[in-house]
Structure formats: structure tokens, C-alpha cells
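We call the chains A, B, C and D, going by the order they appear; numbering starts again at 1 in every chain.
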Amino acid sequence: MTTVWSGTALAEAIEAFAPGSVESSAGTDVWLKPESISTVCEGLKTRSEFKFDLLSSLTAVDYINHFEVVYHLTSLPMNSSAVLKSRVGLGRSDASIASVVPIWRGADYQEREVWDLMGIRFEGHPNHKRIMLWEGYPGHPLRKDYVTYDQSIASSAPDDRDGGE
Amino acid sequence: MNQAMLDNSLWRNIYCVLAGDSAQCASRDYSAGLLPGGLEWLAFLLAAAAIIGLVINGILGGVIVLIWGERRLFGRFQSRTGPNRWGPWGTLTSVADAVKTMFKEDLVPADADRILFNLAPILIAAPALLVFSVIPFGVGTYVADLNIGLLFIMAVTSLTTLAVLTAAWSSGNRIAILSALRSVALLISYEIPMALAVVGVIMLAGSMSLGDIIAAQGVPFILVQPLGFFVFFIAAMAEMARAPFDLTEAESELAAGYLNDYASMKFGLFFLAEFMAELSTSAIVTTLFLSGWRGFDPIPSQFWFIAKLIAVLFVIIWFRMTLPRLRVDQVLKFAWKGLFELTMINIIVTAILIAIWPQPTTGQLWMMAAINWPVAIISIWGVSKLLGTPAYDKPQPTAEAPTYPVASESIPAGSVLGAEKGGD
Amino acid sequence: MIGLGLPRGFVVTLKNFIRPPVTEQYPDRHVGLLGAAKEAGMNPFQFLVKKPADSLKAIAGLATVPVAVKQSPRFRGNEFTYFEDRCTACASCAKYCPLGIIEIVSVPGKIDAQEGESYKLEVFDIDIGRCMFCGLCVEACPYDALHMGTNFERSKYVRDELVITKEELFDAPKRPSAFYRPQFEEKGFDPFKETIEDFHDAGRHEQKTYDELKKKWVDER
Amino acid sequence: MRVMFDGEEIVDVEPIFGYLHRGSEKLAEERTYTQIITLTDRMDYVSSMLNNQGYILAVEKLAGIEPSPRGVWLRMIASELQRIASHLVATGFLLQDLGALGTPLIYAMRERENILDLFEMLCGARITNSYLRPGGVFMDAPDEFWPALDRGLDDIVNTIDELETYLSGNEIVFSRTKGTAVLPPELLINASITGPMLRASGVDWDLRHRAPYDYYDKISFERILHTASDNYARYWVRVQEARESVKIIKQCIEQIEPGEVRPSFDEVPRLIRPPAGDAYAAIEGSKGELGFYLVSDGSIAPYRMHVRASSLINLTLLREMLIGGQFGDLFVTFGSVDLNMGEVDR
């Protein structure tokens, strides 16, 4: 049975190797400061007490006044899982966070999807492009302030999205 | 009037009916010709035209039946019924398809080289028909009996690739070019084993004329030359780009390849040529290895020929339905490393046997068969051992020794979600 | 192992070649003389004598007999079955529809102290063209008034014709599907053979006792 | 997808997604929890029961619903049947991509058809099932389902035997798939690739075993592993997993108990209002870890729904698998990854 790290225990353990990176913790969740995400994730992957080698899921939620990036981590050797969260873009301005692609390749398409649909920029992503929608699509659809049923969207689509044959 | 034409009963009958009093028809009782005397040259031409018309139409009709039959057989191999709605048992389906194809719009891509683009369908259909000119369909039923018939067939069938290359080049389409290059590679590789495979047959028959080859088959050569048959059959399948060698069309990879830009009846001609090639291949196999029209007496020889033809077609369709496609490098490897060796073994063994029995009688042919079969089985087994991809020795079960440590350790007890509550 | 894999494959395909086809032909299938005679209800010799034209057709492979499709009673088809006497115009179905394709307009009808307030249904439109047959409207109906249908042939050239109106719902043959209506299965109602005329039969009226339920469950597994 | 060739060799690959993007996650934000079930059907349309199951587990975790046992057994049977169907489709299309002209595909589809008939008996639909509800399933199986299931399981085993006789020893299948698109297990894990692809590389990671959901802890089954991590290993793992699923269903049939198939409407109302919070539930889908992340704000509709689509994430290593390979292997590798565009784009 997969064991789940409790938020407080994980926060303590993270503080031990990366002081001042944890914002708060509750239940299963640990809230990290966005600027420390790279260091913490690197440590979580490599350090022998965590060994989180599989990034299950990466997503983001729009909480009107800020965005929250959510990481679900799994450790195969320890058969355990944990949840990391990070609040970015307070006041809906300049939502950006460091990319974890150098640590987990699996974040590649997921980060592109979050950028495409939620509009959170991942600094250091090797191929930071939209994934589902075309370049030049107005807005990010999964944001809560996105206006649907805009007919002009259809006309903004390029004729041939491949840009070739 | 040469002797070869007089041997051709089909030609002779028509000629004699038209120009009755001719000296050549003395052996038969023709009361009077339809044409007045002195017009033998006209009768000669008319007879030739009649035979050409008969054979071409016969082949086209045969292709229509073959398309229907092949689709029905496909259906049965895949536990379906196949086309059965239009006409009795669906026989009119391919007629309906032909009509539909003719009424479609004839498209030429803007980038295409128009002259070559229009020439290619004709180029591909003509050689497929030419092959039939030397094949004897029955006793005295043939268009021409060339003394180099086999060489003629080899030469004509390789023209198909020229047409494919023309079609692909003129379409101005990169996928088509890829398919044409594959086609050329396939031709160059498989022409050699195919030509070498029939050397054994030529040695045994002592002639390249298809009529002589049939006459020499007291025992069908499939029994005397199993290795030659094996190689020739596979090479012929590759030559006509049939599964498992359908690299030129490769539906899942190239989306019909060089046929990409063809529509309407131009596509129809390619389609027709493909099936004509299938028909001609089985006719050649029947002639060379299944003793052509030879059979038991009360049943006419033409019937024997068609029955053997259908049997060969069934095997070809069966192959096509069963086997997945090979990759292009594997196909070429198979030709050069596998089939080439097999043909060499075949030629050497046959040459030794011919040296022992220069003019083999039926009994001696049976002796040869008895020697050739073990040789064939051993060499095919050896080559497959050398070339084949071995299976995984023991693929299962590795659950005891996974390649990556999973659940080998556990997190500190105090860190588990439920346990941590008690600790607080 | 080497070299035996391919021949085995050939044997498998040949086995399937001999096996009868699994295709189910629809709406009719072609039959030979025997099948046509069976369809006409006489033996082949009678058929030959009595209907020479038909038997010639059958011998030529042109005779067809209609085929009924095998469907489960729970099939979620279109042509919704609707019992107006059971409907209270509560619009649960409209609320529950994920796509919002059910339109209901009701006005207060006659006020009757005995029956309670009753409503008059003005509009009941189901836009089949956008329906995905999830059956949530049927699941939501508290009085078993709306049922899924069992038909599936409703192709039209114009999208507007795909809207099922109130009148059409009233007049349609009552062949409800057993989807979310266990009472039909218990009664052994076969929507492909019979129709339900009396609206009382369409609903659940008595609850089963626990013992009965348990007996059913234990019996079956 | 944009592919660059040098002759027959692949030089560069860039996948381009989005042609089937329907905005399921956005649509889910304005639908009730029950209505979203119909959306999950349409994500991976060859394994809709598994999608239903993943979503239902997330809802149950979020709202704290205790499912009724018979409903859980029924949905396990349904989802294992769906797994067999999905694996059969994957195998059939892999062989179709190998150029077998439809014969194995039709044999696989013929068997899948029987499974779809079983689904029609259960829930009235064949592909877009919407059979599961929070707390169980919407309706008990009909009486004729059980004998049909017994017959169907025997047929499935026969068909898998037949497919294996036909293909597993086939020389051409071997030479085409053996040693192509090999990926080391460490790289697979780093790229978050799960499911049969990961198990084909010898990593013993199956959520049914490692993080048992529903009643998988009451079931004993063999985990199928292969160490080669090439296209053949992926094919082999899928076929053997379909066999294991038959065994799982047989155990479910033995252990199924009488009872209601879903909690009464007093316990689980039609309009669920989970407390504010979030939940992530993952199941072992047919293509890998299928996770649903739900955020609730206490209303009748989720505030945010995210799907961890294994088809999309399994494509992460596409370049590593394809570059340097042959053109002919391109589609075979696609077939062995078993991607479903509906799930990739959602």
C-alpha cells in the first residue's frame, strides 16, 4: 500500500536540507515558496530519505487572487507519495515558476499544458510553447476570468497549424 | 508463315476459317474460307487481331473476377462475409467499382509533370498485359511461343518499376518518391534471385520456351525443384509488391505511396495493373513449376491451367492475409543474404544432377526430387537459422527480480499521514 | 522455434477461413434457396413449384430476408418513450441533462383540491441532434414518466428535424428500454415485441422486501 | 506530427497536439459531479469504464463517500473487461501498423465486440458507458449477464490463445519489433511513463498492486513484467495482462456479494456537494496511471478538474524512441505506445 507523507513531517524534512523554503503545511500538502522549487525538487529526487523519482501529475488551479501549482510526487523505491503546492502570481500578475523539466522529464508536456491553458510561465523550460492551442490564441482558457464563446477565436486560427504539409 | 504460328491452334483455327483453301489448312476439313482467295494476308492480320482482343479482354474479365474473389477471400480469412450486396453473391461489386472510378473527377496536381503523369498509368498497364503473350493457357492455346519466353517475361516484368518511378517523380510528392525508391530497391534485389531461381528449371528443361518447359515436366517441377519454387515464389511476391513486401504502398506508413496523387481511371489503371501482375505471376508459377496445362485426359487442358492458377492465387491471397509487412532493410537483407544463397545451392545441386542424368526421364526426375527435397529443407532451415531473429528465451516472469527497486524501503514511521497524528 | 511461427500463423488464418463469418448483416441478408423457402414457410420443393420466380432469384443469390438486430433490453436508444399521465412537469430531466437539450415550458392548469395542483405542459422538446444518450434524464425522473427508447434509426437531412416535440412523444409507440427501470426486467417486458399501453405498467409501485431481494441475489450468484 | 527524414532514417520528430482538444477540464467546471461522468467517457473512448472508475474514485475521496460493496465489485468487473478490450484494441492496431492488412485487428475487434455486448447488457451503451456513479454503479447487472459473462471469458481466453499462436512466435513480428525503441527503466521513470510501457522494462509498478483501490487488495494476480523494454515487450505485456484480467474477473465473480449497488439517495444525493478541498485519485488505467485531481469549493460543480492523461505523458520520450530509427518503425512504435488521441488532447 502506498504510504502518504504527512504535510508537517515532509515540511520538517524539507526544512532540514533547504531552510526557509516552506511556506506552510497542512494535511498531506506542503506549500513551498516558488523561488525555492528547483532546490527542493532536486533534493526530493536525489536524497536518500525521499527518492521521489516519479512525478505523477503537475497541474495548476486558479484561485482568483493567485494561482497554485500542484505537484503530485511518487517514490517507487519507497512506495510513497506526497503533494507539493506553490502559490504563484499573487494579484494575478506575472505568474511564473521555475521549471522542473531538468529534474523530471515527465514534466515536459504537463508544464506546456499548464502554460497553454492556465498561463503560468515556467522559467527554464526547454520548449516553452503552447501544446493544445495554436500560437497566438487569445488568453488562457482555464483561467476563471476567461470569456468563452468569443467568435473571433475561430478566425485567429491559422489555416494550417502544422505550418507545412 | 512460320511453324510456330501454325502450332498455335487458336490462331490456326481463326485463320483457316477466314482463308479456307490455304495449304496450311490441308490437314483439317475446312470447306471454304470466308475471304476470297489472295487475301491471306488480311486473314493473317484479322486472326492476329482477334487473338489479341480475345486475350486482352479475357485478362481484363479475369481481373474483374479476381478482384471480387480476392475481396471475398479477404472477408472469409477475417471471419467476415466480404462484398455480397450487389449482384448475385456480390459478383457485380467490382463492376460497380469500375463504373464509379470512371465517373470520378480526373485530378492532376498543380506541381505535376503533366506528360509523365499521364504516361505512367499506361506504362504500368502495358507490361502487365505483355506477359500474357507468351504464356500457354492450354494445348495450342497461346499468343506466341517465343524460344526465349522466360527471358522475355523477366524483361517485361521489370518495366513495372519504371512506371512506378515515373508516376512518383511526376507527382512531385515526397512520399511518392520514397515509395518509388523502395520499389527500385526491391526490384534490383529481387530480380536476381528470381532470375537465378529459374535457372534450375531451364537446366532441367533445356529450353527457355515455356512450351518446352511444360513438355519437359513429366513430374511437376515443384517436386523436382522445391528450392527454386520457394525462392521464385517469394521473389515474385516481392516483385509485384504484395504483402509481406508491400513496402511501396505500405498503407500505414506511406498512405499508398506513389498512388497518392492519382484519381479516377488513372488510379483504376494502376489498380488493374496490380491485379494483372498477380494474375500473371500465378500464371508463370503455374507454367514453370506446376506443369502448366498438363492434367488427366477427359478434362480439357485449359481447365487444368485455370484450376492450378486459382490454387496459386489462393496461396498468394493467403500469404497476404496472414503476414505482417517487413521493414525495408530487412527485405533487402532477406534477398541478398537469404534467397541469393538458396538459389546458388539450388543451381549447384541441379547442375550436379544434370551432369549425372543429362536427359532425365520421368523416373530420373523422381530420383532428383528425392535428392532435392532434403537439400531444400536443410538449406532453408540453415538460412532461417542464420537470418532469423531469435525469440526471447524466457520472457517471463521477472516479478522476483525487477530491474528497478520498487517498494524496497519505507518512509520513516512518524512521517506517515495517520501515524503522525498520534505522535502530535 | 525458428521457422515454426509463420506456419502456425497460416494454420490460424486457415482455421478462421473455415469458420462461419461473424458479420451480422443489416437491414437484410442474402439467402439461398433454402433460406428463402424457410422464410416463406414451405419446404424447398413446394417453394420451387409455387413461386418459380422467387426461387430463381434465390438460386441466383439475389433473395433477401430482413434481419432484426440483437439488442439488449437496456439499450439506450432514441425515440424517448414518455407517459404524459405520469409526468408532473417537474423539469428534473431538463435540469439533469448535461447538455441542456431538453426544453420544458409548463403553465398552471386547472386547480383541483383533490388532486393537488396540476400543470399543463406547453413545450417538451428534446434535441436529439445533440443528445449523447447518457440516460441521466431518465435516471432523474422521479415518477418514471420518461424512458429511453429502443430505436436507433433516425437519420435526417436537416438538423431541425432531429428535435422530438411533445406531440411526437405522445404519439410514439411505447417501447421503453429497461435502462434504469428494473421493473421492466422483473416483468420480463420485451420492448422489441410488445408495447406498454397502460401508463400504470410503466412505473414502480411496490417495493420489494429485503428477503425477496436477497433471494434473487443469492440465486443468481 | 512533423518528422524529418534522411532517406529512411528519422532525424527529427516533433509531435503537434490539439486537433481533438475539446476543453473537457473547462467544461467540467460548470457541470455537476454526476454530469461529468459523461465527459470522462469521451476522453479515452476505448477505455471509458476505466475513466469512469478513476473519476468516481476521486469524487468518493473528495466527498468521503463510502461505496456499497456490490457496486464496487460490479465496477471492478466492468473496468477489467474494459481493460481487456483496450489491450485487444492496442494489440490489433499494433499489428495493423505492422502491415498485417487487418487480419489480427479484426480478430481482436471480434472479441472486443463480445465485451461491448456485455456492456450493452449492463448499461445499455457500448462505448460511452457512463455506467458508474459515485458510490457504485447505477443499476445491478441483469440476470442474463452472468451466464453471458462466463461464456465471454472463455471466448476471450480462446481468442488470446489464438492471437498468441498467430503472432507471438511470428518471425516477422519478431524481426520488426524486437530491439526497436528500447528505453531504459530509469529514463522511463524520470519521464513519468507508467503502465504497460513501464512494466515492459521490468519495473514492478502496478497501482492495482502497489496502491490497491476498490477491492484489489482482496484479489491475487500476477504482475506481468518483461525486461526487454522494446516494442515486442510492450505487446507481450499487454497480451498477458489481458489474460490476467480474465483471472481477476473470475475472482470478482467468486467474491461478489449481494446488496444494493449504490448508496441510497439519503446518503449520496443526486447533487453531491463535497466539502471544500482537493483530492487526487489514480488508478491503473489501460495505458498507465490515470489520475483525476478535483478541487471543490463546496458547490455542486468542481472548482477545477485536472486529468493526468497517461496517453499524453507516455509520449514524452517520443524523440528518444524514434530518432535514429527507421521510417517503418515509426508507426509500429506509435502502436506499441498505445496512445489514444482523445485522451492526449482531452
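Just so it is clear, a contact is a pair of C-beta atoms (placed from the backbone, for glycine too) under 8 Å apart; a residue touches a chain by one contact, two chains touch by 3 or more.
Here the structure is a predicted model, which means the values were calculated and not measured.
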Point to revise | Selected interface, B-C versus C-D, where C-beta contact pairs are more numerous | key: C-D
**Study point:** Centroid distance [mean C-alpha coordinates] between chain D and chain C, Å
**Key:** 29
Review point. Using the average of all C-alpha atoms in each chain as its centre, how far is it in Å between chain A and chain C?
Key: 47
Review point. How many angstrom lie between the CA centroids of chain A and chain B, rounded to a whole number?
Key: 59
Point to revise | Sequence positions of chain B contacting 2 or more other chains | key: 77-80, 321-323, 384, 388, 390-391, 404, 406-407
**Study point:** Contacts with 2+ other chains: residues of chain A
**Key:** 76, 79
Practice item. Check each residue of chain D and list the ones that touch at least two other chains. Key: 103, 107, 110, 169-174, 189, 203, 205, 210
Check your understanding: Using the touch rule from the top of the page, what pairs of chains touch, sorted by label?
Key -> A-B, A-D, B-C, B-D, C-D
Review point. Which residues of chain A touch chain B in their complex?
Key: 3-6, 8-10, 13, 27-28, 49, 51, 75-80
Exercise for review: Give every residue of chain D touching chain C within the complex, in rising order.
Suggested key: 31, 34-35, 37-39, 41, 70, 103, 107, 110, 113, 117, 120-125, 128, 130, 138-140, 142-143, 146, 162, 165-174, 253, 256, 258-259, 270
Check your understanding: Residues of chain B touching chain A in their complex?
Key -> 404-412, 414-417, 419-421
Study note, to complete from the structure: Listed in rising order, the residues of chain D that touch chain A in the complex are 2, 16-19, 21, 23, 25-26, 187, 189-194, 203, 205, 210-212, 217, 278, 280, 282, 289, 291, 293, 295, 303-304, 306, 308, 312-313, 315-317, 345
Exercise for review: Could you pull out which chain B residues touch chain C in their complex?
Suggested key: 73, 75-81, 84-85, 87-89, 318, 321-323, 380-381, 384-385, 388, 390-391
